[in-house]
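Below is one structure, written out as structure tokens; the observations come after it.
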Amino acid sequence: MFPMNQWYVAAFAWELKDKPLARTLLNRPVVLFRTASGEVAALEDRCCHRSVPLSCGTLDGDGIRCGYHGLLYAPSGKCIEIPGQLKIPGKACVAASKVVESNQIVWIWMGAEAGSEPTMPPPNYAVHDDPRYKYKGGVFHYNAPYQLIHDNLLDLSHLGYVHLKTIGGNPKLHMEAPTNVYSDGDTVRVVRWMKSSKAPATYSAAWPFKGLLDRWQEIDFHVSYLAIWTGAVDADTEALDDPQRGGFHMRGFHGITPETETTSHYFWSMASNSHPDQPDTSELVYQQTEQTFEEDRVIIDAQYRNMARFGSNPTIDIHVDAGANRARRVIERLCSQQ
Amino acid sequence: MFPMNQWYVAAFAWELKDKPLARTLLNRPVVLFRTASGEVAALEDRCCHRSVPLSCGTLDGDGIRCGYHGLLYAPSGKCIEIPGQLKIPGKACVAASKVVESNQIVWIWMGAEAGSEPTMPPPNYAVHDDPRYKYKGGVFHYNAPYQLIHDNLLDLSHLGYVHLKTIGGNPKLHMEAPTNVYSDGDTVRVVRWMKSSKAPATYSAAWPFKGLLDRWQEIDFHVSYLAIWTGAVDADTEALDDPQRGGFHMRGFHGITPETETTSHYFWSMASNSHPDQPDTSELVYQQTEQTFEEDRVIIDAQYRNMARFGSNPTIDIHVDAGANRARRVIERLCSQQ
Amino acid sequence: MFPMNQWYVAAFAWELKDKPLARTLLNRPVVLFRTASGEVAALEDRCCHRSVPLSCGTLDGDGIRCGYHGLLYAPSGKCIEIPGQLKIPGKACVAASKVVESNQIVWIWMGAEAGSEPTMPPPNYAVHDDPRYKYKGGVFHYNAPYQLIHDNLLDLSHLGYVHLKTIGGNPKLHMEAPTNVYSDGDTVRVVRWMKSSKAPATYSAAWPFKGLLDRWQEIDFHVSYLAIWTGAVDADTEALDDPQRGGFHMRGFHGITPETETTSHYFWSMASNSHPDQPDTSELVYQQTEQTFEEDRVIIDAQYRNMARFGSNPTIDIHVDAGANRARRVIERLCSQQ
């Protein structure tokens, strides 16, 4: 079950060029496309004539044309041409979903019922337009339900065990980091500090640290995405809660959109700053992040396969689960209200 | 559901040489083989001893021998040898189906009950033995139910959108072609004329047309196969209903045999004539036809996957569906009567 | 359904080195590992915190550490460390199974209930430690239920049809071999003699026979494994029931452990003697045995797929089935008693 009345990530802007894109979102197969005039559109991915996916068709002006018998649909979902036939029946239409493009992200409002109007504005992810950073992103497919990805991102203690090669290692430091958890409406915030840490590989490669580091992890959970701000300064040089602090910054975007009850889309980007005395390191940070998130995918997919094998065997909670458990309560409340 | 009391294509004659052939037909796994004396035979593909497929065995004289413990079966389905055992129990037998080979096609009568006798003679497809044509064929496997292939073949307006590279294109001409639909008993006939057409790629390559063409499409639907006669003459040179008309002729055979409720076998051949002043073009026509039918397979498989995803969402009919809808009524009537 | 209160093969000893091994045994996913002190251990393959497979983790001293958040488990199944947390809840544990390593075989007692104590000692397979033989083994995975492998091994008449290239052929001789079947408690014994046999390929390659052979096959069925002693002497030179008889000996171990109701693990080894006047032939015998057992796997997997397709169609028994049928009665009795 998912909260339906939310803006979810449907795609990154750069995925929509001159071809339709098929993607199942919240159990509904959708075709996404960009019209000749540059707008994005999202329709039910099924011609109302013989059910062929519209994503097998072609873009034509501001519409999309079925590749079987040529029916043409407007971004509103209305069929506007049936070749060889003058009359277009009123039922010749498909469901359309509201989509908004901002900060290079295409947000979609599926709604509890097809065609329902959004009840809130789409999220604003300003990091993508912040000149201090360069970023790049990717899309992963998970064979696991979306909440397992929330759990993973809200509890960064796993870095000590899962990401030894890039941003993790130092398991003791990760597991013992002082952690604070805050809630506000449908959001959850987890803040962790790891002082006097050895530099993990990605940090050493990307920034000229002098020795030990003071690291921070600020995790902001929203229903359909997380914004995670991590980074470090040379140990004992700056306050970790100074909003103007310097050092090396990694700002991760994590859009998590259920595909089905048991599979998920993971839209991620990583933005980072480069030290003024060094060449740009953002491509290196992007590549190590891709490797890091792939490590998460492997373990979460294995986790879900195992949960499916073992059924409802009981589990225990430990100290690191506080943030993830609060996010689960948010999702549970939203699902029960719809 | 399928009409069971019909002759279906089980194989092309050239598929049956010195090895057994396993094929599931109308939900029943069958082993087809050619006996030492040259007859074709069709048995339930399962040894009655330990259920190993007989198709894993070997041909032995006029029979087939199981590859596990050597039980030998006659074309009648009777077990005629149990190695090392004198007495053969009466229950040592498997179901046999009536098969007939004609025009290089192996027809099978599965019957509503295993072993039932045919109530009509097998079809005659004389084109395969007509000296005016050369032909070649193939077997495709569909992950789609058989009636979606009927729909496709009874409505050739899709050529304008699906087969741009070979026999189609000109979508407007295809969608607006005057079309007549006739019924007679269990058959449906669709006749379409497209006058003053630009030559599609296959036609240009195969025949020295002078300019625009007058094209015809005559589709004869039978319960288990379609015979489709298409072709063209130079525009305004001959009547399209003259049985002796000249020009370029393509005669397609389309045997459609359900494998299961959701998958199908598609046995096809394409016969064509060559212009007397040119080298033989039948191999070229065959290869472009294979490419064309593969395009159909891709879209129909996508259509069925989508139907399965969307369940019983309603569809609309358009003007091109008349022939296909009549064929569906034939199938529906036959299924309801058995 | 399987007899649960039995020792089953979990692994060969050489499979457990410095990494955990994941294997589902009798429907239960298990992680097997060797501790720093050299003992073997078997735990439920699921961390009690977030259900990640422990087999994705790492060996640490005598325990195994989860690869997600570092929980450490002792061979007893008790969690002995939760990093960053002082208190370890009583529920922080996973099920452990009793394992015993003997004769290079790791035996496991799953029991009708997790954690139950063995009610009999593990089997002794002395051939692996017999200086007269050299052996090597392998592990195959079957997409077929375990009893189909029992059937195959208890009825060696199939050698005439299935293993033409190695140890079989001569179908008439195999099907007509005098066969005696004995039962004793939960064991079944089948003894077959084939006198004046032509040498099969493996026998000719491995031993300098002079002409025809007298062959024996002694099959000892136990609930979870079979020991099969086959071999031959030059025809009319020695009594086939002389325990001290010479000639060429092949001693096969066949541990059959259900993975699920419909899939199985097959742990096999082949031990053979070499003629004193020849170079060691055991590697040749091992390789031909691997090819032989692969032939069985192909036909048994095909048999099971066919059984699944045909459902409950009746089968007949023939003269070769006596041993297999008695073993089935043993299994049936044990299952009904648990």
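Going in written order, the chains are labelled A, B and C, and every chain counts its residues from 1.
The criterion applied here is as follows: a residue touches a chain if its C-beta (ideal position, glycine included) is under 8 Å from a C-beta of that chain, and two chains touch if they have at least 3 such contacts.
A quick map from chain label to UniProt name: A, B, C = Rieske 2Fe-2S domain-containing protein.
Predicted model, so just to flag it, every value in this text is computed and none were measured.
Chain B and chain C touch with mostly distinct residues; of the residue numbers seen at this interface, under half occur in both copies.
The angle of the rotation superposing chain A on chain B, based on CA atoms and rounded to the nearest 5, is 120 degrees. Remark: chain B and chain C have CA centroids separated by 48 Å (rounded to whole angstrom). Contact with two or more other chains is made by no residue of chain A. Listed in rising order, the residues of chain B touching chain C in the complex are 24, 29, 45-46, 48-53, 56, 65-71, 82-85, 89, 91-92. Looking at the complex, you find that chain A touches chain C at residues 151, 155, 157-158, 160-162, 171-172, 175-176, 299, 302-303, 305-307, 309-310, 313-320.
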